[in-house]
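Below: a set of structures, written as structure tokens.
Below, subunit A partners subunit B and then partners subunit C, in two separate complexes.
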Partner chain A sequence: MDSTGLTASPLPHSAPPAMPRLAGDLAIWIFILAELLAFGVFFAAYAFTRANNIELFNAEQAALNRNAGALNTVLLLTASYFVVRAVQAAELRASQSCARWLLAATACGAGFLVVKSFEYAAAFEHDISLSSSPFHMFYLSLTFFHFMHVILGMVILTAMWNGARTGRYGPDDMNGLESGAAYWHMVDLVWLVLFPLVYVIH
Partner chain B sequence: MHSNVHGTARRATLLWASLMVATLLTWGMGVLGATGTGAIAILAAISFWKGAVIILDFMALRHAPLLWRALTLGWIIMVWALIAIAYWKGLAR
Partner chain C sequence: MQYKSQAVAKPYFIAAIGLFVGQILFGLIMGLQYVVGDFLFPEIPFNIARMVHTNLLIVWLLFGFMGAAYYMIPEEAETELFSPKLALTLFWIFLVAGALTIVGYLALPYATLAKLTGNDILETMGREFLEQPLITKVGIVIVALGFLFNITMTMLKGRKTSISMVLLVGLWGLAIFFLFSFYNPHNLVKDKFYWWWVVHLWVEGVWELILGALLAFVLIKVTGVDREVIEKWLYVIITLALVTGLIGTGHHYYWIGTPEYWQWWGSIFSALEPLPFFAMTVFAFNMVNRRRREHPNKAAVLWALGTGVMAFLGAGVWGFLHTLAPVNYYTHGSQITAAHGHMAFYGAYVMVVLTIISYAMPILRGRAANPEKAQVLEMWSFWLMTIAMVFITLFLTAAGILQVWLQRVSDTPMSFMATQDQISLFFWMREWAGVVFLIGLIVYLVSFFVKGDTRSASAS
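Now for the complex of A and B:
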């Protein structure tokens, strides 16, 4: 961080940033935009298909477990909060604290997958499949597309946890951590539209 | 040295708590069975606000060049605009 030997910087780390800066690698942000575009097209397709099948969509949506959807919103948002705390810890050179926050975030992600798996199990018990109705086609494909993103997010969080434990991240090396964090927040951001759209709006 | 764009722990915790309250509101609208244009407007507003917290604070784009805020916030606005148009199209049928 300080190759000049001027270690007595008058500015603490919490000083307001002087220069605009994109947190994370440019490549991950291009990837995030592509992901948002894909989910956006998916959301629009759901909304316009629903417009032509309102009674069907309303009836089948009523059978969804809205409580499970809300619980999963809480888990994803909490995981995102933990990731923010991990990044903040790394800025303070607190590697072990950073690792613990990342582990907590991964646990929330695992909780999301467990809740969603119970939802899928209940759906399959009722013979719900991709071909059973337009609503179920969207419900299963949209949520499973997102489910796979959560899994990838957890792989990234685990890799970052491993890096944090060995002291890889600090104020002079934030790029990897910030890039992974941005991906995780994207997974959360998408769910913040998916939950009201698929589980609540009728 | 780069600039620290990640804010304070206290602010992050307060934002998390407010996101929890917002989630409770969305869930409550579902429990109440709220429907119609007003309900959609409220759900969209809550979703936009939550998304803005994620984008501006958690993703730290508040401190990024304007282009990145425009692209990401513009994404939520575009998505909810399409959802609203589709909803009204459905009401008109």
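Now for the complex of A and C:
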């Protein structure tokens, strides 16, 4: 870790080589943990409410478009794979290749937003709103909160794409790229819990 | 001091401290009125004392924020203030308008004040914390715009740092959200809904940006830790503060007629509001532990560390106590709210303003730090006021728990006034803690007049 990281005390410069290295900045990990906590609390609230309304939740869950959800899962997983390739490319000093992988990941993110928008449009046609039922409240809140995170993740990916094009990242400077990549993986991870929880498990 | 124009901060700080004294005196008056109902009646009725107590708090904190900005922005931008003359003019306008408003509260019946000040042109008065007459509200907007113009122009012509950006966004947000005080729809639900856009989005939104910026500035100065490290923390803190604080507004929307989903949104997001305050505490201690220099101003370091801890306890922990909808169903508007309000305002905003005053005032008076004796007194005042506030909070919390139990949870609930009688012991203890707070404040004032050996300002 670099000496300007957020550790309680600066690490000695001659750290033993076997010491595990934190990928990305400690600050982004604190942020990621806070994000996971927020989603975690939301998931717990969902589970708690569902336990009291199992039949309603099962019936309304069955009306969701699982194919769209599955397609979005594939898109996010693919985006995460592309981000991994981008990090690997940067480690090999292949800046242009890194930029291309990041662009591909951003495109997958955009695909996610498009699919989700169609889902929302269909939901609103059926008069589904935050007040129409407890399940709809959670479905809309959770997916929209995640939707906003995908947008933020894409903003970060775009900023990194811009950085990669100008050759900012390399084996000596992976901090920014790894931090952004960690954030994107978090967005993906949350969806991997959200999708089965809200769309599938009954 | 590095730039001559930073000196305009001095009258702002002095006025802030003066109004702080007034706020505490009125706090003691109304604290006594809780147990001796007709104390000073009819000269100063309870509702007037309360209005003066809360309005003075807000006004002196605004003086503190403006003073802080006038001190910080030239140093951050590495250039003189755009217009020191404008800053001084606005100071006098704000002080006179504020003083006249308080005199109006005390000398006139509120309805007469409303009639005299044109409330019938645009009805904005009569709402908690936004009691100011229309002309005062317009005056606040004019002063705020002039102030923002001045510091924004200063920043535009100089160096743009993350700290000054965060401070500026916070101050602009403060001014913009205040505009909702002019919007007073007849629909009570809407009225309350937007009322919180001033009250909540100030203290749990944009003010947190100001708090973060002030703390970061002082920590850079007293610890000598790299700016990049401190700025990184600042970004994490303000992002957490904004995400939890903005949606956390929902914790005021449980019972005012808004849709039910606010109970979930408000509970979940506001339950996370302690996070930025926790991060702030870790941040402050971390930076002080990694300090690269021993700054001679020990008192300022103490205030900075105290801000983190007390803001976390008062705003974070005491806020969390009653923020979840099922809990708030019982505790809403009880003495638990008062307990939270006291420690949160003291821990977050009073202490951060005292932090910047503690750091900047000696420099404004031509020395890096106050003489040792003065600092010792100032640190005594820190402990007296802080411990007194802890006790005020604990007594009010006890009063609140008993109140909720007797008045709301019980199978045979008591009336409001009968309950107040039952909890009077705690109100007495709170009043005595308030007296200790006043003693602490007097010690604080005395510390400004203690003389002794000082090192020159160039040492900073």
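Note that in this section the second predicted complex is superposed on the first by the 184 of 202 C-alpha atoms of A that agree within 3 Å, B and C clash if a C-alpha of one lies under 4 Å from a C-alpha of the other, contacts with A are read in each partner's own complex, and residues count from 1 in each chain.
Here is the rule we use: contacts are C-beta pairs under 8 Å (C-beta built on N, C-alpha and C of every residue); 3 or more make two chains touch, one makes a residue touch a chain.
The shown structure was predicted, so the numbers you read here are calculated from the model rather than taken from an experiment.
Chemist: Of the partners subunit B and subunit C, which touch A:137 in the superposed model: first, second, both, neither?
Modeler: second
Chemist: In the overlaid three-chain picture, which partner chain does A:38 touch, first (subunit B) or second (subunit C), both, or neither?
Modeler: Second partner only, subunit C.
Chemist: Look at A:189 in the shared chain and tell me whether it touches subunit B only, subunit C only, both, or neither; answer first, second, both or neither.
Modeler: In the superposed model, A:189 contacts subunit B only, not subunit C.
Chemist: Check the residue A:88 against both partner chains and state whether it touches subunit B (first), subunit C (second), both, or neither.
Modeler: first
Chemist: Could you let me know whether more residues of subunit A are touched by subunit B or by subunit C?
Modeler: B
Chemist: Quick check on the superposed pair: does A:30 touch subunit B, subunit C, both, or neither? Answer first, second, both or neither.
Modeler: Only subunit C is touched by A:30; subunit B is not.
Chemist: Check subunit A for residues that touch subunit B in one structure and subunit C in the other, and list them.
Modeler: Touching subunit B in the first complex and subunit C in the second, residues 37 of subunit A appear in both lists.
Chemist: Contact residues on subunit A for subunit B in the complex?
Modeler: Its residues touching subunit B are 1-2, 13-15, 17-23, 29, 33, 36-37, 40, 43-44, 47-48, 50-52, 54, 66-67, 70, 73-74, 77-78, 80-81, 83-85, 87-88, 91, 171-172, 174, 178, 181-182, 185-186, 188-189, 192-193, 195-197, 199-202.
Chemist: Which of the residues in subunit B come into contact with subunit A in the complex?
Modeler: 1-9, 12-13, 15-16, 19-20, 23-24, 26-27, 29-31, 33, 35, 39-40, 43-44, 46-47, 50-51, 54-55, 57-61, 63-66, 68, 71-72, 75-76, 78-80, 82-83, 85-87, 89-90, 93
Chemist: Would you tell me which residues of subunit C are touching subunit A in their complex?
Modeler: 226, 228-229, 232-233, 235-236, 239-240, 243-244, 259-261, 264-265, 267-269, 271-272, 275, 279, 286, 289-290
Chemist: Would you mind writing out the residues of subunit A in touch with subunit C in their complex?
Modeler: 4, 6, 8-10, 25, 27, 30-31, 34, 37-38, 41-42, 45, 130-131, 137-138, 141
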